[in-house]
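There's a structure below that I have some questions on.
Letters are used for the chains, namely A, B, C and D, taken in the order the chains are written, and counting of residues starts over at 1 for each.
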C-alpha cells in the first residue's frame, strides 16, 4: 500500500472527525462532492452533518469558524485555493488571531490552504500565503513537506488551541507518496534534519524541500554533503535547529517558493545573522521566486520559482566562497 | 509659518488636484467633512465633484480605483485607518498589483493608509501594513518620516504610473512640523542619511525615525556618532545606501514599529547579511514591536513598540560588542 | 471582579407591559447616564482613545438586550451600552475597559467599546464593521451541533450594511437558517456620510426579501414599538423562523465619537420625528401611563449616578496593566510561543 | 497580432430581428465550437491548466456582447467565450491565451479565461469572484469625470453573488447611479454546490429592490428573450436609468471545468426546461422562422471549424514565452524596479 500527501490529509481529517465530536469541516464543495481536490472525499458520507458546503463567502466562513471555536467546536475550514484566503484575511488576522490575546478565550480553528505553484495554474491559483499570516501575531503557520507531516501536523493543528494556518502544497498532493501513515510524529515547532551533512545548510520547507533534497543527493555523488533542514512550521520557526545546523556547516542557503520581499527566507536569514553571526563562514544566501505574479506558462513558471537547478547553482556559488 | 505632516498631506493633495485633472479623491468622509483626520479639509469645496464620499466598502473603493486608473484617471483612495485595508487587500494585491504585469496597462493609483500607533488606539486602529504590501510584487510602498517627504512623496505617488501604498503615520500628523513645504525632493527609491555618523548605523523609517534621531542626539553628547538612515520607501528599498552606511560604521541596527516576523527589518538585515556580510563588524540587530496585537493601554503600548529607550539599550549592546 | 454577567435573571423574568417598559426605561437611563459620564471624563482628558455614545439609540439597544436570555448570544456594536447593561454586562466591565484597568475583562489590552465575555455569550467586537455577524453565526452553528438552544443578536449601523462582511454573513445565516437577529440602527449617518451616499434603496428593509429572511421595520425612537418588534423578532428566531433583519430608524443624537461636533447633521432631520430623543419619549410615556412619576425617575437617576460614581471612583484607583508583568503571548499554546530575540 | 477588437462595428449595425437573431446565433455557434475545440485539446493534454466552457450559457453571453458598442466596457467571466467574440475579441486572443503564446494579449503570463484588453474596454478577470464588478464601476466613474459616454457590463454566476465583493460593488454602482449592467447566470450550481446551499431567497431577482436598482429576470435558454431583456437593460443603462441587475436562469451543461464530470447535477434539472440547450433552441427557432436552413447552418459550422482549425494551427506553431527574454518586471516604472540579489 502507498499513500499520497493528499490522501494523508483526507485520512487526518477522517481521524479527527472520528476521534473528536467537536470537529467539523466547512468549505466550498467539501460535502458530498469531496472538495475541489478530493481532500474530503467520502467524509460527508462517513460523518453525516459534519462536513458542510459553504457559500462563496470566505469572510463569513472564517468568521463563523471563530464563533464556533468560542463555543467549543474545532472547525476545519477548507479554502478552495490559498489565493482566495485574501478575502477572508481580515477574519484571520484581526478576529481569529487577536481573540486569545484580547479575551483569554482561545480560538482552536484550522484553516487549510491548498497552496503553491503547479504548472499552468497562473497568478491566482498558485500563491503561497505564509508570509502574510506569519507576520501577524496570534497564528501558527504550518508548512508540511512530507506525507507523514501532512498527516500528523494536520492532526496536531486540530488539537492545538490556537488558530492554525495549514499550508498544504498542491504540487505535493499527488507527487508525494509514503508507505504508510505515521503513528508517531515530531512535535510541532521543531524542524527536522531531512538530510544530514557537513558542508552547507539548506533551510527550506514545503515543496522546496524536495528540490533541495534532489540537489543534496546529486552533490553527494561528488562528495559534498549538504544538510537539509525542513522547517515544517514557519511559525513557530525553530531557530535553534537552524542555528545548530549552521554551527556544523558554517554556510547557509535559505530557499522559499514565494515572493522575495520579507517573508520566511528573510526571517531565517535575519535570525541567523543576528543570533549566530559568528557561526557563519560566508555570507548567507537566499533564493526565492521572482518579484512578479506567478506566471501561467510552464516555461515562465519553471523560471519564476526556485528549482533544483537554480538551487544547485546557488549552492555551488556558496561553496566556492 | 509652520506646517504639520498632516497639513503637508493635505497640501500635496490640493496641488495634485490643481495640477492634474485626472486626479480625484475617494474615501469615507473625505468630502465636505474633510476626512476623519482632516487630510482632505476643504478640498471638496475647492475642487467640486472631485473629492467623493465612499460607502463603507473598501473592496469596492479600491476595485473602482483600478478601473478608473485603466481609463486614465489618477485616483487617490483614503482608507480611514490602515487597519481597514485588510478588507480591501485582495483588490490591492491581486487586482491592482497584477494589472501591469499581466496586461501591460499600468495602474496609477495611490492608496493612503493612515498608519501606526498612537496612545489609546488599540489593536485595530494602530497597525502598520507595509510588510503585507511590500511582500507582493507590483506595488510601491512609501513610508515618509518627515513633513517634507509626506508632501513630496505623496505628489510623486500620484505621478508614478504604478500602484502606490502610501503609509502616512498618524503619530506624526500633529507632532511633526516643518517651516515650509519643499520645492525640491529626493527621488523616490532613495534613502536619506538623516544624520551622519561613523560608529553605528540605524536603519529605520516613518515614526521610528524620530526615536532613532533622539537616540543619536543623546549619544552625540557622549561622543558616539550614530548614522541614521531613513528608508523613505520600503519598496523599493535602497539597499545601496544602507550598505554604504554599514561600510562606514560596520554596525547595523534596524528598527521597525510593527510586528517582528518577516517584514521590513528582516528584509533589511537579510539584504545586508547576504550582500555585505564582510562589511559587518558584529552581528546586525533589529528591533520591532512585540509579537502581540497592539495594546490599548498607554503603559502596554509604550512597551509594545520600540522607543528611544529601547533603541538606546540595543545600541549600547551593539556598541559594546 | 464579577466573573459573570449579572442581571440576566432579573431581566428574563419581567413580564407585564408596565414592568417590562419600566425596566427597559431604567436600563436606557442607566446607559445614558453612564455614556454621559464617559463623555465628561473624555472632555476632562481622563480617557485615552475614543468615546462613542449610544445617545438616541437606547430604545433599540435595550430592546435587544432585554429580549435575550441567559445562554443567548449578543454581539453589540459601538452604540450599545444600554443593551449591554440590559443583557447583563456589569457596569464595571464598561468602566474598566474605558480606563484600561488590568482588572477589566480586556485587561488593558483592548479598550472602550471593545469588550465582552465570549464564553458568556457577550462577544467583544473588533473594529472592522460587519466582522462580528459571522462570528455570531458560528456560535449558533456550534449550538446546533451541540444540540443547545439559544438565539444570537448583533447590531450594526446603516453604514455597516455596505460592507461585504454584512452581506456574506446575512446570506450565510439565511442559508443555514440560523436564529440570528440582525439589528440595523439606521441613524442616518455613518460618521459624516449621509445615507444617500451609503445606499440607494428606498428603505433598508427592502433588503430582507433578497436574502430570504424576515424583515421588520421599527421606529427606533419609540421604546414600546422597539420592545414589541425586536422582542417579537427574537421570539420568531427562537421558534425556528430563521434570521430576522430589523431596521430601526432614528437619528444619532451625538457626534460619531466625542471628538466630533456633528455639525454636518441636517437640522431638518433634528426637527423631524426621527430626531426625537427616545429617552424623553419613553419618560413621557412612563409618566403618562402613570407607571412612574418624576420623583421616582429622579430617584432612579440618583441611584444610577451613585452607582456610576462608585464604579468610576473604584476603577480610577485600580492599577493599569504592568508591562513587566505582561507575558506578551498572543497564543494560548505556551510551548509554541516564539521567544527569540528578533521576536 | 491584432491590436484591436475586431468585430464591434459589424455587431453594432445589426438591426432587424432576423439579422440580429442570426448574428447572435452565429456567435453562439462559433463560441460553442471553439469551446469544444478547447475541450478536445484539453483531453489531448495540449492545454496546461483548466478549461472552462460556456456550454448552455451562450444565449445570455452573446446577448451581452451584442448589446454593447465600441467604447463600452465588458468584463466577462469564465463562461463568456461567445459574448467575448460578439463583443469583438479576436479568436486568436482566446487561442493564444489558452496556449500561453507569447504573442497573445497576456503573453503567457496569464492563461485560459484570464484575458482581455483593458484599454479597449475588455477587462481581463482575476479569479477572485466578484472582484471585477468594482473595476467596471471605476471605469464608468472615469467616463463620468471625462464626460465620455458608455456603459459597462459584467457577468457572474449565482455562486458569485455570495461574495462580499458582489455586494459592495453593486451597492457602489447604485449609490453612484452608474450605467452598470450586472448579469447573473444562475446555472443552478457553483462548482458542485447547488443553489439551495448558496442563497435562501426565492429568486435572485428579489435582490434588486434591496439595492435600489432595476431588476430583470430572463429565461437564459431562450435567445430571443435574452436579446430582448439584456438588450433592453443595456439601453436603460445607456439612457441614465442606473444599474441594471439581470438574472438569467439556465443550467450549466458541462462540468465546472473540463476536469469535472458533473455527476452531481440533478437529473430532474437536466430534463426540465432549464436544462434545454440554448443553442439547439435557437437553431430550431432559426429554422422555424425560415431565417436559415440546416444547409446554411452546416456551412456556418464549416466556416467556424475552419477558422478555429486555422487559429489553433497558427498558435500551435507560435513560440511560448522565453524566460530569458522576460524582464520579470511587475511595475511599469522601470527606474523603481528592485534588482537586488534577494529580489
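Going forward, a residue touches a chain if its C-beta (ideal position, glycine included) is under 8 Å from a C-beta of that chain, and two chains touch if they have at least 3 such contacts.
Since this is a predicted model, take the numbers as computed values, not measurements.
Contact with chain B and chain C alike is made by A, D. When the partners of chain C are compared with those of chain D, the chains appearing in both lists are A, B. At the far end from chain D, in terms of centres built from Cα atoms, lies C. Between chain A and chain D, the centres computed from C-alpha atoms are 35 Å apart.
The geometric centre of chain B is 40 Å away from that of chain D, both derived from CA atoms.
Averaging Cα coordinates per chain places chain A and chain B 30 Å apart. Residue positions of chain B touching 2 or more other chains, listed in rising order: 54-55, 57, 59, 83, 86-87, 90, 94, 97-98, 101-102, 123-124, 137-138, 235, 237, 261, 265-267, 270, 274-275, 286, 290-293. Multi-chain contact residues of chain C, defined as those touching 2 or more other chains: 106, 109-110, 114, 126, 128, 162-165, 168, 171, 175, 197-199, 329-330, 338, 342.
If touching chains are joined by edges, the resulting network of the protein chains shown connects every chain directly with every other.
Considering their complex, residues 59, 83, 86-87, 89-90, 93-94, 97-98, 101-102, 123-124, 131-132, 134-138, 235, 237, 259, 261-267, 269-270, 272-278, 280, 282-286, 290-293 of chain A touch chain B.
Interface residues of chain A, counted against chain C in their complex, comprise 24, 50, 54-55, 57-73, 75, 87, 90-91, 94-95, 97-106, 137-140, 160-162, 188-189, 235-237, 239, 267, 270-271, 274-275.
The part of chain A that touches chain D in the complex is made up of residues 28-29, 31-33, 36, 53-57, 59, 81, 83-84, 86-87, 119-125, 260-261, 265-266, 286, 288, 290-293, 295-300, 302-304. Contact residues of chain C toward chain A in the complex are 105-107, 109-110, 114, 116-119, 123-124, 126, 128, 131-143, 145-146, 164-165, 168-169, 171-172, 175, 329-333, 335-338, 340-342. Chain contact summary for the complex, chain D toward chain C: residues 162-168, 171, 174-175, 177, 196-202, 204, 206-213, 242.
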